[in-house]
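Note that subunit A is present in both complexes that follow, paired respectively with subunit B and with subunit C.
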Partner chain A sequence: MPDCALANLLKPLEAMIIHPSLRQLGYMLSLTLVVGLVGCGKKDSDEEDDSGGKSDAAATVATVDMTNGATIVGTVKLDGAAPVAKVINMGGDAYCGAAHKTSPVSDDHWVNNGGALVNAFVYVKDGLGGKTYAAPATAITLAQKGCTYEPHVFGIMVGQTMKVENDDQTLHNVHSVSAANESFNEGQPPGTPAKEHKMTKQEVMIPIKCDVHGWMNSYAGVLPHPFFAVTGADGKYEIKGVPAGDYTIECWHESTKSDAAGVTQDQKVTVAAKDSKTVDFTLKAQ
Partner chain B sequence: MATLVAPAIVRKKPTKPGAHDAHGHHELSFVQKYIFSQDHKRIGIQFMFSSLFFLLVGGGLAMIVRLELGWPGHAFKFLSFLPSTMVAGGVILPEFYNSAFTMHATFMIFFAVMPFLMGTFANFLIPLHIGAPDMAFPKINMLSFWFALVAGIIMFSSFFVKGGAAGGGWTNYPPLSDLSELSGVNVGQNLWIISLLISGVASLMGAVNYITTVVNMRCPGMSFFRMPLAIWAIFVTAILLLLAIPVLTSALVLLLFDRTVHTSFFIPSTILVAGQPLVGRSGGGQVLLWQHLFWFFGHPEVYIMILPAMGIASDILATFARKPIFGYKAMVFSICGIAVLGFFVWGHHMFQSGMNPLLGTTFMISTMLIAVPSAIKTFNWLGTLYGGNFKFTTAFLFAVGFVAMFVIGGLSGIFMASTPVDIFIHDTYFIVGHIHYVLFGGSIFAIFAGVYYWFPKMFGRMLNETLGKIHFWLVFLTFNGVFFPMHILGIGGMMRRIYDYTQYPHLSHFQGLNAFMSVCAFILGASTLLFLFNLFWSMFKGKPSGMNPWHANTLEWTLPSPPVHGNFSETPHVFRGPYEYSVPGHTEDYWPQNEPPEGWLERAQQMKATATHG
Partner chain C sequence: MDSQSRFDLLNGGVHSKWLHRFALLTAVTTFFLIFVGGLVKSHEAGLSVPDWPTTYGEFMLTFPYSKWVGNIFYEHSHRLLATLVGAFITVEAIWLQLSKYGKKLKILGWIAFVGVCIQGYLGGLTVKYLLPTSISTGHSMLAQGVFCLTVTIALFTSKAWPNVERTLQTSSIDIRKLSAWTVGAIAFQIMLGALMRHENAGLAIATFPLANGRIIPEFTSSGIVLNFAHRVGALIASGFVLATVAVILRDYRYDRKLSRPAIFAVVVLLLQIALGAITILSEKAVTPTTLHVSGGTLLLCTMLVISLQAYHHYESKAAKQEESLHREPAVIPSTIS
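After this line comes the complex of A and B, so read on.
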């Protein structure tokens, strides 16, 4: 049943119409009710199955075995010339401008020496057989500091709490544009408590932007399992506790077009219990 | 020799008090009398109470807006009782601020000012002023009120649904109003649309009723040019409603389709949401289509809200200046002129939409033309006042205040109408100041004037004049304290609808002025509570008013206060216009419209006797 306040609202009003001469009004209100139901629009995401868009409804809840699980490590590199880092002009907001001693540079295409690609999201795309994992009780924090998002790219489990904090003394507007989950778009003035959100479906990736400061963007990868990682400054990643099996590992990195589709590369890997496998990725510069 | 005009409507005298021939064959139950009433006066009073409720809701939202603008981002601990989706840590959240100004305007325009003028006064006054027993369609009249009330309740309920109430401004331009991804509001926006659709049906039912009643049910002698200007204004406004509301309705239906079945009437193919391409829509629509449709309704809507106010003010000014209206026919033609021209000016709201400059110039000229009938009315009000023997009642003070404030609102409108100037002040606080001078200084001042003037006829008791005058001066001073500085803010570049202007260095110095305006707004809001106290106290404890406390000419003042169901025991006969005050040679300084001229009764009886005997 859609979450429709109008339907509930009009029921008692219809019941009130008992006078025979008002039957016509009753019919008209009924018509309104129908229109209202149509107008209630799409079903709210949080009422839907939260087991993940691609997962089986009858999926079992598994636990991560850190002792016997395999470890997948690797490095993500950029093949080709690194894009020139963009210098961000934050002068439009006096607070943001004063928050940085040196000119801030965009996190979009951060490539270190040797072509190590920072902020690539690597995760088990396929092979878990529909297993889902309980979301951890700890929240993932997305901070707004110095008018940038920290972290720039992160993974979060389905049902895990995401806390969005504003540490700045200026207004931010957190705007997620999600295809599978419910998008959120809300302002966060300084001094207000953190906002909490939960994603209900698997989605790689959800772009998050600040509508006040156009340079602020972040990406969240939402998965029903904990087997994901984000490359660090050395371009390396590590995924622990992976059950034995055959997997497709995907590496995602935002493209220069800054869209959610990004640039991806898949690789197959087979791991046994307590294995340690290396899966490196090389993404082509666009 | 005088000739008798045959009565247009022949009715029997009611057989018992409180009953009339149309629907008075039995005693009315409580429900029929007070809830689902078909009596135009009762429906008018129902509209008054619902409008007052929504006036308070709209006013409360204005206080929220002024709190934020006076002290942006400040933590107001006393607001902590509000849900965390509206206020967090005492800080008014931007989404709630957006909803507050959107719903402030929505409630004020569609559920307070419009129904007050075209629900309360139109209902209460039309049959009484034209000498009719009731409206032409009493049941439709009743339905009109209940549709309006249901619409208001639906609109109010939108605050309590997930995502909150609509926040795209009262104009609700797509794509903001079209895509929940942009506004963050889903169900609330749908409820906004549905509510206005229902409200539109209510307006149309009212308009059809008013037009039919005025055209068909005027009593003998009540020619069109003997109608009070309030009725002329309401009549013309009803025609405006009939022509303008369907355009809004069609726009709303298209928007509802866009939102619910994902059509793309207002969504272009190239749209990006937070930098991402929009999926699930075909695109190919035009955001400007909404603007054209909305403003084709929206500008006549401004006149829908000001023309009845002009009519009410005209009646009150003449009564308390004890003078005939200066240039009655010119006033009538001006009302008609404003109404006609009002349909050719909608483009002046869209000068910044990228329209062809030649088209912009056309709209600029047509807009400037409206200044002509408006100026005729203003000069005629001044002509009416000139040399008058003023009775400084509260109603008169508000009517004079209306003229003064309307002049300021009208003049600031000329700035907006001029394309080169509009480029500079478009979507700034200048327009907010302008529209409030027209709709508050104009419409609401006239509404207050009308309530003070007709309250005795509605309830049979006088409003307290001392409280009324305190109310007037508080409103007059603080209204100007709130809204005049808005012109300065607008010229200074302060954007309308902005949540925190102090983020911009060139606007941060306006904080002090904004704080002053907010303090004025709070006093203005409190003064409304004084008015409401006066209203409810006087309803039960006020001095009995008698039949004609103002010594006015129009037909309602020849009836008991309040008039009985069915109004007139006999069909009245009108002999003159409504503004025959201080007529030389007449003993009184007023001359009721239905008071026969000297010797008329004798001649009538003689003619009757002749007809009977031969």
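After this line comes the complex of A and C, so read on.
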């Protein structure tokens, strides 16, 4: 813990107790300073999360059978009134403001006709028995365009390359806030070549954000298998090539409270070879 | 001679007008730096410049203004202002060293120098380690420490500081100890606030004055614990401040060195409580939240000044009695008022 060593560096402050009369004051101040730093290690111990463990279980690499695999489709809906979309004030950066003809609105709760929920992440949470799949060679591109992320929500496989591009003529920093994987934060001034990253562990979801433009958010769902999808403008998703079996399907959607982990709902489904099953979700607005 | 404040030793019994003015400037600039640091957190701008000590690969001081876009504006301003404060404190330490002020004050200058260096490095670590709570809270607390040192140096270099005749305390409660404990209580409260802030737990209890409809909330998360601790801390710290102020207004009303900052402390305390409530009710709007952070610092340094003045000007009864036992009756000063 390199930061803990600093608590020792603070010892010179004890020299503040240069006179008996100052002793009480000195004690108070140095005690508080030291206690402030003794928070060392607290955060780090919390970081072992349960989301990372499963991918290590099996070493066998399976392949997806598109002809015999089942298809799971469905619609994700929002129950209750959709939150009013927040208008983003991009005034802090003239480039961003000029990049939009109309006032940009937050895409965190994008609801279309009949409550269809866009950008929900649906995936096989359980039932694959620890089977892992090889990551495709193709990269997933996360673009920064007009000071927003495209896509806003995406799935990516463990070991698959994520390419982060800056198409804007302004500075962005790309900051992942990960619990299971290693977090990163790097600057990407205009004209910088795409940055590549690979996630090594399963994690649903990793928030990716830009601290220059506080409204920029994206979420990556990292899985050791390819059975995931993100709902489109009609709120529909489709997962193909699922081997016959009993599964838990989870639907995730971000919460309106940006700090929160998001809202999830699980459903069970059994599929036989070449089956097509429908699993719909209805998430509560919050 | 015995009743003269032993704090004179710190000062060396001299006064340099320009050095004192510079010390005041340093303290005020440091306070402003803490305010801007608060803005960085309120805007969540701390990682908007991902590298340190460079700025997007460029030398900090020549990073063009056209690139201070979005939250970079706050983070980069904080870094530049911090550099200025670092330079001020360095100049102050050297200036003190070259001055005729006492050796102990010179040491204080160098402690401030070391403190501000560690502080800058801690700032760099917050960037490199992506703002872990421990480092961010340490950075917040060391800021208070360095600021208190700059205030102390400004006070010790002042014209009125040396050659003070100490007086026997008239109050039944030792104002020196009480004010020192008040400083401690406020510092502890600031630490709780910093922990809460960097754990993003400021709205873990979203209601005020009641905590989720109850006096004591259900402790279902560490955020609620921290949030509630800061609320209880506010009560305790307020109690200490009010007790100190009450003793001063009762027994030291005519000593303006104590009564003036005491009245100021009450005003800041009331504002501080109001700002704390507004922070919650406005869901952490930037302005009240940042002012609340600065208000804590202001209250801390006000009580510090009171405490230093109390130690400087007053002698405890116990010490006086003990002293008189060891000396000839004829030598007891007649100046006790």
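Annotations for the structure displayed:
The rule is short, and it goes like this: the second predicted complex is superposed on the first by the 229 of 286 C-alpha atoms of A that agree within 3 Å, B and C clash if a C-alpha of one lies under 4 Å from a C-alpha of the other, contacts with A are read in each partner's own complex, and residues count from 1 in each chain.
Rule of thumb we're sticking to: a contact is a pair of C-beta atoms (placed from the backbone, for glycine too) under 8 Å apart; a residue touches a chain by one contact, two chains touch by 3 or more.
Keep in mind it's a predicted model, so treat the numbers as computed, not measured.
Once chain A of one complex is fitted onto chain A of the other, the partner contacts of A:A179 are limited to subunit B, with no touch recorded for subunit C.
In the superposition on chain A, A:P193 makes contact with subunit B only, not with subunit C. In the overlay built on the shared chain, the residue A:H253 is in contact with neither subunit B nor subunit C. By the document's definition of touching, both partners, subunit B and subunit C, reach A:T170. Touch criterion met: A:D93 reaches subunit B and subunit C at once. Of the two partner chains, subunit C is the only one touched by A:H213; subunit B is not. In the superposition on chain A, the residues of subunit A contacted by subunit B and by subunit C overlap at 3, 6, 9-10, 13, 19, 21-22, 24-25, 28-29, 32, 35-36, 39-42, 44, 93-95, 170-171, 173, 175, 177, 183, 185-187, 189, 211, 259. Those residues of subunit A that touch subunit C in the shared complex are 2-3, 6, 9-10, 12-13, 15-16, 18-19, 21-22, 24-25, 27-29, 31-33, 35-37, 39-44, 92-96, 170-171, 173, 175, 177, 183, 185-187, 189, 210-214, 259. Every residue of subunit B that touches subunit A in the complex is listed here, in rising order: 31-32, 36, 73, 75, 84, 88-89, 91, 93-95, 139, 143, 146-147, 150, 153-154, 157-158, 160-162, 180-184, 186-187, 190-191, 193-194, 197-198, 256, 259-261, 273-277, 279, 499-500, 503, 505.
Residue ranges of subunit C in contact with subunit A, taken from their complex: 6-7, 9-10, 43-51, 56-57, 67, 69-73, 104, 107-108, 111, 114-115, 118, 121-122, 125, 129-130, 132-135, 137-138, 140-142, 144-145, 148-149, 176-177, 180-181, 183-184, 187-188, 190-191, 194-195, 200, 304, 307-308, 311. Touching subunit B in their complex are the following residues of subunit A: 3-6, 9-10, 13, 19, 21-22, 24-25, 28-29, 32, 35-36, 38-42, 44, 93-95, 170-171, 173, 175, 177, 179, 183-187, 189-193, 207, 209, 211, 217, 258-260.
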